[in-house]
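Per-chain residue numbering starts at 1, and chain names A, B and C are given in the order in which the chains are listed.
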Amino acid sequence: MKKKFLIILLILSCAAFMGLKIKLDNIPRKTVPGSSFIYIPSGKFLKYATFGYSSLMADIIYIWSIQYFSDQKIPNRFDYLDHVFSIIAELDPRYFDAYQIGAIFAVYDAGDFDTCEKILNRGLEKNPGEWIFPFQAGHYAQMLLKDYKIAQKYFKKTMEIEGAPAMAKRLYANAAFEQTDYKTAMRNWVEVYQMAEKEGDERVRKIAANHIYRTQASIDIESINEGLNKYKEQFGHYPEELIELAASGFLVEIPRDLDGNEYKYDPETGEVKSELWWKR
Amino acid sequence: MKITAIALNTFKEAIRDRILYLLLFFAVVSLIFSRLLAILAVGDRVKIIMDVGLASLSLFGALMAILMGTSLVFKEIDKKTIYTLLSKPIHRYQFLLGKFFGLILTLLVMLFLLSLIFIVIVLLHSGRIEWGMFAALAFIFLELCLITAVAMFFSCISSPILSSVFSLSFYLIGHLSWGLETLLNKIKPGFGKTIAQVFYTLIPDLENFNFKTEIVHHLSVPPQVFLYSTIYGIMYTLFVLTAAMLVFRKRDFA
Amino acid sequence: MENALKITGLFKSFKSEFLRKNIEILKGISLSVKEGEIFGYLGPNGAGKTTTLKCILGLIFPDKGKIEILRLPYLSLKAKARIGFLPENPYFYDYLTASEFLRFYCQLHQIKKADIEEKTSTLLSLVGLEKSSSLQLRKFSKGMLQRIGLAQALLNEPELVLLDEPLGGLDPLGRKEIRDIIVRLKDEGKTVFLSSHILQDIEMVCDRVAIIVSGQIINQGRLYDLISQKILFTETTISGIKEEELKRYGECVSSYGGRTLVKITDEKKVEKILELAHRKKAEIHSLVPRTESLEDLFVGTVKQE
């Protein structure tokens, strides 16, 4: 065949297929994503199948999963969230990003704290020295769930890991406080205070001081309220002044706040308040 | 026709190649395996059989195409059977085309055998014949024709091992080009983007032949897609064959 | 006499992969083969014989030069339809039987279906393979492959037959048979271009020869003209005369069982030794004058380069 003829044929066929490709791309094709999930093998199997390229496979699945889980058009897309991220964990246990992103998808997008917890726990299990996992778990529990019991549990776990930030302890103490476990809270805040003083960390010392004040105030107010309630029970109304509680024997003494000031008392409502603790 | 004579001769040669039967064996094994997999699944078993079955056919078919295509021209040159052949009154392009048609005839036979087994397995499981499967199978065959052309092209310019690597890369790129599309959307418009877009349109999009998902899930496919995909396949194959003919024209057989 | 094959100024070089240097294989080959003759193409290994043949057949494209086959452009299908080619160490499709193979090549020559059967059997008989028509080619011995190769070269009753080492790997009987076929081709009016190492065979069948050394034609012409008819020396085997005496007439090459082989260069001394033998009543077992052989010419030519 003549060379010219072949070259023209080459260019024509190239133009043809390029044109068709553009046309084809513009026709939307229906997809049923997630349909192949039923038989995605477990991560262990996949690890052997990838011949040593398991961490690359983890990357690929990870990148894919981000696109997948971000696609709002896919119905029930979170059904296999844990499964996918467990595969990634199996393939590359040290893929920290993956655990965290998986947790975010679970707790923010899917509103599923249990899965989030699962994923982060897996991360910790495979990487016992990584405090970030329990830390995030506690953080989400506190921020989104407002469940301070769970939060406290995780902040405790965080604290136990070497290298964990000091903040963990403070969050732990705060979580205890929110659960009205003032004893634990106080003990921990005092420890924080002492540590801060020793290290000369003025900022943290001030924070600790404030929290100690607050905790103490809460403890005091709690006992004052106890007295007030007993008084009301007996007398049918709140006393005019707190001193009367002491006089009546409901309280041994009226505590003062740590600054030495009296607690503010409103005889109408029976409310006892302290200074705004963070404005000290 | 001389091309027919060469095609039939190639067919006879290829069909006696033992490696083909090895691949056939593995393909059948994986079809049977799909049946076992189905037992592990929850829910619609037939879907898994069809999915795995079509995927195996596609994969093993591609391997056959690459294996045969790459060894083809090389064997002729290496064993010097090409010397007497080209001294006969035939054009070089007739030789290439004859080889090509002989190969796809072989692939047709192999695919037909495998399809038969596949359909029987599906029939046994679901008691019904899925008409969509035939469409999927037809497009698998079209894809194999393109891969064969590519394998032959590389076989004209390099050794079988390199040709196999290049052909395999073509297959992989062809199935992953959608990734480039996703990436393209994130590039800012400009000269770089235009170049990338041209490149993207040039590289093969083998997913155009992939109707497995739709068939398996009984989704409808707009008829234009079938038409355009077929023509796309034919045009791309023509493109590759023309390139091969151009390269083959002035090649010295030292 | 028209030219069956004419080559003018053929140049071909290859790029060496290692050194990126151009290696010149053919440095201006020119030769012509007259119709109806048997033409011998000789040269040492690596001289460029096979390269020349490949150029003629369009398997390689020369850098420069002109080739005409039967006065037609050498690459045209018309030309190819009128030639036959047997490559060196031929190899064919393993899995085909002899008759299937010939049938396939008949189809390439577009020989009518009705004639194919007859043609294949005729040719198989010609090359002595009629008993192996259903045997798969992979079971063929080298000699058999050579013969089937010759058969496929003659399928289309070509006017010009190109043979590259057609006698290689054959036993003496086989060589004789092929030589006979070649001579018969000439009798049928065909032209034969024969590239070979086996000088004795060339000497026996060729009309004209060309000697190629390092890509150039050193010598070309009628065999009769190239090899002088001069007697180089005479060899005689005598018994009954002692070696010391014989030494005066020529070189005593060897002696065995009482017989001495003497090589006499001077023609006059031949007469003298015969007289001596007659006088001494010695026995002369053989007396052979040796003219220059193709081998002498060849070795001498090659040594010069």
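In the analysis below, contacts are C-beta pairs under 8 Å (C-beta built on N, C-alpha and C of every residue); 3 or more make two chains touch, one makes a residue touch a chain.
Everything quoted here is computed from the prediction, not taken from an experiment.
*Asks:* Just to be sure I understand: going only through chains that touch, what's the smallest number of steps from subunit A to subunit B?
*Replies:* 1
*Asks:* Report the chain whose mean Cα position is at the greatest distance from that of subunit C.
*Replies:* Between subunit C and the rest, the longest centre separation is with A.
*Asks:* Point out which chain occupies the most central position, where each centre is the mean of Cα atoms.
*Replies:* B
*Asks:* Between subunit A and subunit B, what's the gap in Å when you average each chain's C-alpha atoms?
*Replies:* About 50 Å separates the centre of subunit A from that of subunit B.
*Asks:* Between subunit A and subunit C, what distance separates the C-alpha centroids? Give it in angstrom.
*Replies:* Comparing mean C-alpha positions, subunit C is 92 Å from subunit A.
*Asks:* For subunit B and subunit C, let me know how many angstrom lie between their CA-based centres, rounded off.
*Replies:* 48
*Asks:* Which residues of subunit B are in contact with two or more other chains?
*Replies:* If we look for residues of subunit B contacting two or more partner chains, we find 91.
*Asks:* Please output the residues of subunit C touching subunit B within their complex, sorted ascending.
*Replies:* Where subunit C meets subunit B, its residues are 14, 51, 54, 57-61, 77-78, 80-81, 83, 85-87, 89-93, 95-96, 104-105, 107-110, 149, 152-153.
*Asks:* Once bound in the complex, which stretches of subunit B touch subunit C?
*Replies:* So the residues of subunit B in touch with subunit C come to 2, 5-6, 9, 12-13, 16, 79-91, 250, 252-254.
*Asks:* Show which residues of subunit B lie in contact with subunit A when the two form their complex.
*Replies:* Those in contact with subunit A are residues 37, 40-43, 47-48, 51, 91, 93, 181-182, 201-202, 205, 208, 213-214, 216-217, 219-222, 224-225, 228-229, 231-232, 235-236, 238-239, 242-243, 245-246, 249.
*Asks:* Show me the residue ranges of subunit A that touch subunit B in the complex, using the header's touch definition.
*Replies:* So the residues of subunit A touching subunit B come out as 1, 3, 6-7, 9-10, 13-14, 16-18, 20-25, 27, 29-32, 35-36, 38-39, 67.
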